[in-house]
Every structure is written in structure tokens, then in C-alpha cells.
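The first chain written gets the first letter, and so on, giving A, B, C, D and E; residue counts start at 1 in each chain.
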Amino acid sequence: MQSSGISVLLKGKNLQRLFEGLMITARIAFISIIIGSLLGIVLGVIWTSKSKWIRSICRIYLELFRIIPILVWLFIMYFGVTTALNIDLSGETVSVIVFTLWGAAEMGDIVRGALESLPKHQIESGKAIGLSFWGLYRYILIPQAVRRMLPGAINLATRMVKTTSLVVLIGVIDVIKVGQQIIEYSRIEVPTASFWVYGFVFILYFVICYPLSKISRKLENKWNG
Amino acid sequence: SSKESASEVKGSIAEIKERGKIRIGVFSDKNPFGYVDENGVNQGFDVYIARRFAKDLLGDESKVEFVLVDAASRVAFLESNKVDIIMANFTVTEERKQKVDFANPYMKVSLGIVSPESAPITSIEQLKGKKAIVAKGTTAETFLTENYPEIEQLKFEQYTEIFEALKDGRGDAIVNDNTEVIAWAKQNPGFVVGVPTLGGQDTIAPAVKKGNKELLDWINNELAALGKENFIHKAYDETLADIYGEDFKESLVIEGGKLE
Amino acid sequence: METKEVLLEIKGLYKKYDETTVLNDINLSINKGEVVVILGPSGCGKSTLLRCLNGLEKIQGGDIRYRNKSLVGKDVNWQEIRQHIGMVFQNYDLFPHMTVIENIILGPVKVQKRDKDEVMEQAKQLLDRVGLFDRKDSYPRQLSGGQKQRIAIVRALCMNPEIMLFDEVTASLDPEMVREVLDVMLGLAKQGMTMVIVTHEMSFARAVADKIVFIDKGRICEISEPDEFFTNPKTERAQHFLNIFQY
Amino acid sequence: MNLNWQFIIDSLPLYREAALTTLKLGFWGILFSLIIGFVCSIVLYFKVKGLKPIVQAYIELSRNTPLLIQLFFLYFGLTKLGVTLSENACAIIGLSFLGGSYMAEALRSGLEAVSRSQIESGLSIGLSRTQLVRYVVLPQAFSVSMPSLGANCIFLLKETSIVGAIAVVDLMNVTKDLIGMYYQTFEALFMLVAVYLIMILPLSILLTWLERKVRYAEFGN
Amino acid sequence: METKEVLLEIKGLYKKYDETTVLNDINLSINKGEVVVILGPSGCGKSTLLRCLNGLEKIQGGDIRYRNKSLVGKDVNWQEIRQHIGMVFQNYDLFPHMTVIENIILGPVKVQKRDKDEVMEQAKQLLDRVGLFDRKDSYPRQLSGGQKQRIAIVRALCMNPEIMLFDEVTASLDPEMVREVLDVMLGLAKQGMTMVIVTHEMSFARAVADKIVFIDKGRICEISEPDEFFTNPKTERAQHFLNIFQY
């Protein structure tokens, strides 16, 4: 009578839809992680400035994203800013923008920490072979900072992947929402659907995030070894 | 220059026609009112009516873009011009009227209370000091908050979750649309609908952005026209009858946009 | 054939950190091919002096002239100057994320824009000379301290500098490693490299120096021939300093 | 933008309640996270046989899966197995399950930063294993971990916003609710941000102060 | 009046890491009041030997006897033994989170359970002796390297050990700091403390030692009087080793 829960996953296009939801999740997360990291590196470099002003501005930027929940940012950006500026951006684009800005803030802090933890004499010996300011960052400081910031960056990346579930509020259907749609649709025929669907989504997240932490551990060992 | 003025008023009929698509905000996880089926297609009572709107306005029922909304973002979607109409099981309330313009209603809701047979709740008064389980963004939530603030509410996002919660004994009863609780009680022995109707006069209606009188009038005319062909009844037969049966048709449907 | 060609000249140099004067009226000239060893108690300003010569510290007074061109003021192109004045530090400062050979060719290729193949050739020759040719693809962490310092020297040499500055390059090494690094420096001295060396290795100083400069509390107390300095220092302070090494 | 101040004043009691809930959950979640993290990091650091793989598996699982689903399993799933926990209990367990792994990683890197020679000089003055951990290793590890522990605390406090999914009336839940019922969207969001600010800013300042206080680990040389 | 009372005796000690033998058939006895200096090239096993004497390394063969009690086997109470055998390392290993005085009294109070006031009294006396009484409330990071090492010595002394082991305690110090630390050790020697010292300071070794032990490749090559060792080493290896220090 009641079909077994697991069959829900295979019914119709359900499986395909879940993967599409996952793709959206992954796309938002990865684009934001990549652009956010690049911006974060720039921000981190600027942040190491000695100027109190620049440091405070960077700090405030970070705290804005630390204190104001991402959900609020999504809301403000999607419903407030785009309307005020009279531009038409899709929910996904807005999500990418918000996540990128958030990623850049946190990444900037990580990069700053990594740069400041580099021994001062690395800078001096770079200077001593005549490297310019940019050369110093390009060849000496950033490559070393990247190694140091890896654990923090991966931590951030997995957090970003997991936080994408908020985008549903601005109409973007991520993998969890697809799961809920399936559960609700089948709630009468298959009351146990939630267990299987959530179980499957749980695994999907793990499949995305686990390789990230695995790679980071590998690289860490390689670079420290 | 007529083109310019057309697109200036966002959500005006001219602009919708120029766009060739009407954007309607619906739920994607409230079976049977607005949900997505196993093939990823929007379905449900609200959706069925929305398709007809598209057909009558733009000549083709595929010329609708369903925007999947969340209870908390329904008004924001309208206010920021991201949808033209909200048809997401939107209960008409005084507070909401200040934010959006409601068209005439197409559905009545009555609330019902379902509880375990072992500890049946037979009147709303009995719930005082107890825990009522409700779904967020539904009429029941608004009703209880307004009228019975002393009843503690346990609020979940999804219908599945409220039923799970009642089964797990996390609350004393579910307050929800009576159609919903009656249908569920039928399939789940051990639970009874102690209060089959409650509240009563709440209605569900399409909403447009405040001030969009043109579209509002169009919807009202459309609902009146549909009333002539008993279209809402047809919508009931197509989308709700399977779950709720024939019994509720008259207590649910509003035809022609007018309460009898 | 060359008579005294002055490469680097320091005139009335004056340096302070905040309120404390660290170098006070330093006058010194370094001739081409000369090896100058700077001695003095800890904190007397030796490192600071070298750092001033390489533009790592701003000075508050006096003048430094390289080939009779002043190195003081805003418009000095230190990037250019540093290609002629190489420096090696105490803490083997190789770049840990690059192999030995990458460390060495970075400056010549990226700063001096020289041809990579030609630089590689030179780097290999230099590595060979310090006995580390086979370690060219190692990473710094795979090397001993002495090896790292020899590479650091090669890295500076590969820029073809006219002067080399060494700041206690053996201070954190074991005796044998100290020896291998100092041997490289002795070799350079023999080839006529102009060098300014800060060291605490007294017998090495004596062996390598053409001129000993003794600094105490930011001032030059004494400039002498090595033999004279070690056997018969002119000032009491120098005498006192040398006593530290006697048990 | 014109805010409806009357609405804000009316909803103040709701926010006060919710803030207390969030703080309560945050407090217990952080406390248990620290305990779990502490135990796990010790297991990892001392490579305790048998337990290490379990701890590693736990960390990977907890870090790489969303809290939302973890909560559903705790709340709806466990009941099927006969264990019914209250909303708050589930929320606290969920937060601790998530936070434990983050804290463990932070503490582990702190432990690993304590140099071998510190341990040996502890041994050489005759300290026993436990004394060594108590007097030498932990204080230094803690000092190194402090910045990331602090960041985790703030992260966990904010993660409480997810527990609305299992009907806990926290700040985010109240906000979404008010929006959904009255559509005073910006007022509700404004309150949310304001309350978070009031909670997180002092916490952030406290953590920065603590961090500075324990920064003796700028190892001498 | 005391004649040779043997405190520590090493018999046929044998130590390997994985497959490589690091110490091979070491035989040595250390008498009460004797100062033994261990010399040898880098990597020869000097540190390992000291670490074995303090139970920081397990040994694979032979015996170590302290006051004729074997220190080999499972049931040795190293916590107890380490109270009698103090050790000071190369990297000023003070605990960075404790003040100087807290560093010093930790062992006596927590391990030896002695009365805190009495320990404080002793600590202050010892601090005074090394000239650091006024730094007793400083944190290690506020001290120079030489000061830190002197504190580390005080920390070990405050446990009232019978033997002190020193592993290159001056290796990362500036000459003056080397001097201040070595002076403390010379003082201890004069008071008759039994010490085993690993050092690269040759003239200090010569001045302080009662006996020089020269190790190469994990074996003892030579045990001599200091004057004899430095002027006329018996083995070629020792000769070669001493040459490193000659320029």
C-alpha cells in the first residue's frame, strides 16, 4: 500500500531535481568562494596597511558580515538594494553577490592573519634581492600566506556551502528546498519520505564538503612535511 | 513613447503584455495548494487558477512564470516588483491590507483542530495553557496569535513536520485548515478532529502591489467572469477533491469573487 | 693595479629609533676589494649599520655614498641599489616555498630581467662552488642550517653585487656548519669580493679582515688592522670586549 | 526609510524572550562544544588507540553536513527510535554536535603548537603526565587556540538561527514569524540586527580582551 | 675527604632510532663533584646521550646506574629520578605563560610537594646568585636569551639535584650572554656541583672540565684530561675536530 520510502527518490524526475538543486547550491558556493577568495586576498593585503583608518574600515566591513545574519543581507540586497537601484537581478545572482562579499570579508581576515604571521625577515630578504612592493607580495608573501591560511579557508568554504540553504528565502531553490518539495508532495502516499530524502541530502552535502577538507589536509601535510 | 510609459509602471497590464509573461508567486511545498510534483511541475489549487489567469490575460496558459515564494517573503516579492501577483494561500488580514492590495477572494478557510483520540480537544478553550502545533504562514498561525495569544504555539515550516510533531506527542493538537486536518485524520487512526470548524470567515485572495489598481481590477473582473463558468469548482475537482473529497467543496470554494 | 677605489662611503651617519640614538656620527669608507669586519658588543648597532647600508632603515642624519652617489633622500631607487649591494642575514632567510634553484634565480630573472638560461648556468656554477650543486631541487626545509646559509650567499651572489653585507650569518649554526659557511666567505675574500661582515667568530674575523671596525654604543671606537686589534687593542672598551672570549 | 516604531515597541517583549532563548542555547551549545572539542582534541593529540578513528569520523561528519538536517534527525528521527527530546534539548545537542568538531580542530592546532621542547623541559623537572598537561601543555595550547575558539563562539551563537526549524522560538524564528504575519519586514529585520549587535558586540569585545590576556604564548624569542 | 664516589655509571649503552645506531657501547662513569664535558661533531649523539640519562629516550641495550640503582626497565620511576638529575636545554625552554618565579617553583611545589614559602626563599637566593633577583616577576618574553638560560638553570637547581646536565645551553646566544651563562656554570663547578656539559665553546670546556669525553659517530673515542685533549689529542678524529675551530 504505502510505497517504501526510498522509492521516492527514484520517482519521476526527483533524483534529477535533487541534483539540480545540488548544482545550484554548489554553483553559488563555488563561484562565491573563488571570487570571494580573490577579493579576500586583495582585502587582506590592504588590511595589513599601517594606517589606522584603513584597518578600521576593513574591520568594520568584516564585523558587518559577522554580526548581521546572512539572511538579512540576502533580504536587503534582493528586495531592498536592487529595487532602490532599479536593477533586475535574479535571486541566484544576488546570492552570489552576498556570499562573495561575505567570503571576501572573512577571507580578508584570514589572509591578514596569515600575512601578519609571516616572519618579518622574509620581507627583508625579499627586499634585499631588490624585489619591488608588488614583487614581494606576488612571489614571496602571498604564496606563503596561502599555505598558512588553508585550514581557515577550507573551514570557511564548508561553512559557505552549508549556509547556501538560506537562499530559498529569495526564491532560489536549493537542494534542501527540493527535498522539502518532494517530501511535501509525497506526504500522503509516502509518509516516511522525509527520512530518505533528508538522508540523501545529508549524504550529498557530505560528498561536496568532505573532499574539500580532505584536499586541505593533503595539501597541509604536503606543504608542512 | 507609449512603450516607455508602459514599462514605467511596473506590473501594469501593458508591461506584462509587453513582457509576454505574468509572474505569479506561489508556494512550492504546500500540497495541495501550491507544490511541485515529481516531474518538477508546479501544481495545486492556487496554481491551477493562476494558469487560467495567464491564459485569459496573455492567451496561453504557459505564459506564466511561477516564482516560488516563502511565507515570510510573500510581501517583499510584491513590493520589490519581483512578482505581479501573489497566490500563495494568502489569507486576507487587516495588517496585510496595509501592505498589499487584496483582490476578491477565491477560497474560504475554516480552521479545524485535530488531536489524539486518547486526549481529544473538543473546543479551542481547552487548548489554553497547552501547546498547539501550527504551520508557519498559515491562517491558523495568524488566527491563534490574534485571538488566543495565551495558547502556546509550536511552529513548523512544513506540513509534514506538524503531523510528525503531533504523532511524536510534541504538542496537544494541530490547528490548521480544517480540510487538511480532516483529510489527515481519516488516514491516521488514533486521531480525531475534535473541532471541525473554527474562526470561519477567513478568506484567501490574490494580492497585488499596493496601488496597482489596474491589475487589481482585472483580477476582480476575471474572477467574476470565471464565476460564470463555475471555474473555481472545477479547480477544486481537479486539485483538491482527491484529498479532501467532495464534502468540503462548498465550504471552501468562493465563486465569482463574492462571499455568498 | 687598482689603487684605493672607494665603493661605499659613510659620512657622519646618525640613526635613531624614536628617542634612542642607535648610531652616532659613523664615518667609514669601504674600498673596492676590501673586507671590513665589524665587531662590538650586542646591541651596539652593528646590524643597524648594515641595514642602513641596504636601505632597510631610514637614517636621520649624515650621508651614505655608493660610488659617490648619495643614498639618502626620497628619490633613491633602492631596488636598483640593492642589486649592487647584496645582503645575507642571520636567520637563514630562504623562501620556504621555493626550491633552492628557484630561490636563487628569483632576483636575477624577476628583478634584473636577465635571461633565465644564462642565470641558471651561473646559479649552477655558484652552487657547485659551495658544494651544493646536487641540492638544487631541494626545498629549504630539507637542508641543514649551514647548507641554507651557503644557498643564501649564492642567492645574493647571483645578482652579481659589488659589495656583500653579512650579518652574523653563522650565529645560529653548529661549529662544523659555521666552518663550511665561513670557508665560502674566505673564498670570496680571496677572489677580491668587497665585503662588510658582522660576526662573533673572532678567529675568523682575524683571518679574513683587512680592517676591523669596533663599535660600542653606536659609535666607532676603533678602526685597526686585525693583528693589531687582537693583540693590542687601542681602547679599553675593545680590550674589555675581547676579554669576553677568554676563560 | 520610515520605520514603524510602534510596531517595534510592541514586539520588544517578543524579542527579549527570543534573545534570552538564543543566549541560553548559545551558552549551553558553546559550553558543550568546548567540552566535546576538548575531549576530542585530547584524543587526537595523544592518538588514543581505538578512539582516534571514531573522533576523526565524528569531526568529518559534523563539519561536512548541514546543521539543519542534523537537527531534523535529532528531533524527528530519534523519536522513532524511542527517544523524545525537547526542542531545546535537540537544539543544544545539535549545536554541540556541530560546534564540538570546530572546537576540536581549534584546540588540536593549539596543542600541536606546543613545542616538543616545552614538554621535555616539563618532564625534566619531574612533572607527571597529568601535571604536564595541566600546567604546561593546556595553558599554552589554549592561548594559541584562543582566536579561533573565539571565532567559533560567535559562529555558534549565530548558528542558533537555524533551530527555528524545530520550532524553537529564537531570534530568527521570531523575526520570520513577524514578517510572515504582519509584513513589517524592515522593522523586524532591524530588530534582529539590533539584538544580534547587542549580543555579539560585547561578546566580541570580551573575546578580544581574553585573547590579549592569554597571549603570553608569543614565545619569548 | 670524599674519594671517588660514583654517582652515575653508564655501561655498554646502546641506542638506536629505527635502524640507525646512534649510541654504541658507551661506557662512562661520573663521580660526585666531577665536571664532564662532552665534545664531538654535530650529530654524533651527544644530545641523545644526555637525553638517555634523563629518561627522555629509551635505550636498546646496556645499563645506566644512578647511585648504583639501575635506570633501565619499565619500573623505573623517572619522575623521582629527574628530581635528582636536572637538565637544561638549548632553547631557553621556560614556560612562556608563567612568570620567572612561577617557572622556578613549579617543580619544587607541585612535584616535590615542598612548602611554598621555603621554596620561594630558595628561589630568591638562587636568582640573586645569578643576578636576576629583580626579574623574578617578569615573563620569559621580557628577558634576553642569556637571562632566560640563567633562569632555566635556576629552575633546575631549585629542585636540589645531585647532577646537572647541560645540552649546548649557550648555542643560540650572543657572546656576552654566552659569557654570563657560562660564568654561572663555572660558579656551580667551583661549588662542587656534579655536571655533564655538552658545549661547543672550546675555551670554556677547557676551563671548566675535569674530564673531556670525545664522541664520534656514536662511540666514545677518547676520554682525557682537558689540557691533554686540547694540546695533544690522542685520536686523529679529535685532532680533526679541533681543527674546525682554527682558521
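Note that a contact is a pair of C-beta atoms (placed from the backbone, for glycine too) under 8 Å apart; a residue touches a chain by one contact, two chains touch by 3 or more.
Keep in mind that this is a model prediction, so the values were computed, not measured.
Visitor: Taking contact as defined at the start, I'd like the list of chains shared as neighbours by chain A and chain D.
Guide: B
Visitor: Determine, using the mean of C-alpha atoms as each chain's centre, which chain is farthest from chain E.
Guide: When every chain centre is compared against chain E, the largest gap points to B.
Visitor: Compute the distance, rounded to whole Å, between the mean C-alpha positions of chain A and chain C.
Guide: 48
Visitor: Between chain A and chain E, what's the gap in Å when you average each chain's C-alpha atoms?
Guide: From the centre of chain A to the centre of chain E is 54 Å.
Visitor: Counting only Cα atoms for the centres, state how far chain B is from chain E in Å.
Guide: Distance between chain centres, rounded to whole Å: 84 Å.
Visitor: What's the distance between the Cα centroids of chain B and chain C, rounded to whole Å?
Guide: 82
Visitor: In chain E, what residues contact two or more other chains?
Guide: none
Visitor: Note the residues in chain A that touch 2 or more other chains, in rising order.
Guide: Touching at least two other chains: 75, 79-80, 194.
Visitor: Would you please write down the residue numbers of chain B that are in contact with two or more other chains?
Guide: Answer for chain B, listing residues that touch two or more other chains: 72-73, 76, 157, 164.
Visitor: So which chains actually touch one another? I want all the pairs, not just one.
Guide: The complete list of chain pairs in contact reads A-B, A-C, A-D, B-D, C-E, D-E.
Visitor: Can you tell me which positions in chain B touch chain D when the two form their complex?
Guide: Listed in rising order, the residues are 71-76, 93, 95-96, 99-100, 136-137, 141-142, 145, 154-157, 161, 164-165, 168-170.
Visitor: What part of chain A is in contact with chain B in the complex they form?
Guide: So the residues of chain A in touch with chain B come to 11-14, 16-17, 75, 78-80, 82-83, 168-171, 173, 177, 180-188, 191, 193-194.
Visitor: Enumerate the contact residues on chain E facing chain C in the complex.
Guide: Listed in rising order, the residues of chain E that touch chain C are 41-42, 171-172, 174-179, 182, 186, 200, 203-204, 206-208, 244-247.
Visitor: Along chain E, where are the residues that touch chain D in the complex?
Guide: 51, 54-56, 78-80, 82-83, 86-87, 89, 91-97, 106-107, 110-112, 139-141, 143, 145, 148, 152, 155-156, 159
Visitor: Quick one: which bits of chain D touch chain B in the complex? Just the residue numbers, please.
Guide: Those in contact with chain B are residues 76, 79, 84, 87, 165-167, 169, 173, 176-177, 179-183, 185.
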